[in-house]
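By written order: A, B, C and D. Residues from 1 in each chain.
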């Protein structure tokens, strides 16, 4: 089966998920000064920004993985569906985190752990697709290079960090989220530099 | 008419329907422990998971049916629209089921019957498309094999089971939903094994 | 400019609009018998069904119009945007109609008039695209036939009936909506039969 | 990397964002005359119309920019994501403006400033993509002309006007929004006339 419909369907899910984020931004109905009312909503704005970046980066990565694929089989379709389920959960996990991380205490710990749980699902989805493709090179496009050890380490370390962040959330939610930010920044700059190396 | 726009439109509907599921997961606004508040929402999480799997499997099947098609005519467009209407109803039917199945009594019976009613509509949509294609082989792609008796039995038995589940819902909602689960598991493993046979 | 992105964008709008309809179906939170609570929601179900059919038929027609087009220019892009705006308004107009048509009196009259107003916008959008294409045959694909007088009458009479339905709504909302149903049925059967003639 | 998936993803975001606008139109549940209740909702209708036009014009421009592109690299992907984030914010900014601009005083000033802030983000996104493409002509399609000074002035003056409108919002919100309308009208007619010159 060709990849066109998988890509179209996946792009659709990414596009809807990233656009639905705006539904969490609500026009305040208030008699307070509007600027104060908007400032009070800062967790919603922070959540919007984080989710947008996370889903955006995942979409760029998805683009990268499927760019190497020429044909899909049914297990790959289901692995991709699992990955998309994790993507769809990100707005919920981020809204939860944005709502409760400032509360401190057990509420913040649970919220940070849930957010990292969603990240683990997503990393597992990517690992699943990559492993399946490594074992079935006949699905790859002619121009695709086999995955290098460096690439596997890079993807694998992301999963490892997200996994570690779940127990860390119960020690320090802020530290766990800070580590998430480092991983995201690493993926973005890494992608930009790998482009430069290729060029 | 070529199939490209039908596939693009259908993929769009599938993508939106599967992503809208996340709107049923609400961030609890609560002073209870967050973990308890989330646990109280288990029917919403169960509904999300079931709907995601059902729509995902239907999308894979839709992919399979239209992969064999080279041209669409107007009746096929309308049959496909009917199928998509059933897909769009799945999130509603699942949310209804998730909300009321734990209540027991008449509420659970009606909810399970409605859920199976939506499944019947979906199976009818697939049957309609398949019958039309069988009667109009000029619409099929050159590489497409005619439908085998085994495939017809497989699709037809799904419709039959869902139909039987409607009266069964009024006897035992749990038994009806269990049978739905068996059918879903059958379709997933069947698809995976048919791939292996082909390979 | 090629038509591919216009079609992709339009299909996206149609797919989102037709799928958002499900948001008007709400799971009743009730202590009444569930079957009664669902029956009380019949205007929502009727609205869902009507909107789905209307948007579905418009999508099939849009498919038909743009199938003849090879290139788009900027005025056609804006005419298409106008048509899409009318499509996006249909769920709102139908929900309004479904909510108020059973009330009788002035509420029903205004609701039916608004519903027909949305239909007029949509018919105007189609007329605009068709007129522009008639005046700019260089945009048409090689295989496209010029619009026949019969086709123009068919499209034009739809616009005329919808226009007449606005004042008629204030005399008898039921008669106006009945006439809408006749036009929809005419378009569906007409499309099916024109296919048969062509084949 | 080819542009197909970037365009598909972007079209998806545009399509969802423009269709979600209808969620701000609510069926009034009222015992007042329906026509009065709808008239009371005029800011929602005005917001719908303005957002639809703004997103529609941005989509036409996006179409124009990426029509010249043959390949995308990662920085362009991220610049495009930034532009899409601004697009996704437009419904929120417009709803805010529609809600508060009639209030007068500080509420109207803040709302108009936020609306123009969203426009600035969008103009920055376009500038970013155009600058990157100017510096990397190897990404352009063979048929693409280099950007002319006139085009740069046209795009750049839009950004400048939106920037000026932020402080202007605190002097006169109505004047700032009027100037926004002039820019939008300029882009639409400019696009139509540039087409005529080309033809």
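One rule holds for everything that comes next: a residue touches a chain if its C-beta (ideal position, glycine included) is under 8 Å from a C-beta of that chain, and two chains touch if they have at least 3 such contacts.
Just so you know, these numbers come straight off a predicted model, no measurement behind them.
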{"item": "Classification of the chain C:chain D interface as same or different, half of numbers criterion", "value": "different"}
{"item": "Copy-to-copy rotation for chain B and chain C - C-alpha atoms, rounded to a multiple of 5°", "value": "90"}
{"item": "Euclidean distance of C-alpha centroids - chain A vs chain D, Å", "value": "27"}
{"item": "Residues within chain B bordering two or more other chains", "value": "8, 11-12, 15-16, 20, 23"}
{"item": "Touching residues (chain side chain A, partner chain D) in the complex", "value": "7-8, 11-12, 14-16, 18-23, 25, 27, 29, 33-35, 38, 52, 56, 59-60, 63, 67, 188, 191-192, 195, 199"}
{"item": "Complex interface listing, chain C residues touching chain D", "value": "1, 5, 8-9, 11-13, 15-17, 20, 23, 73-75, 77-78, 81, 84-85, 88-89, 91-92, 95-96, 99-100, 106-107, 110-111, 114"}
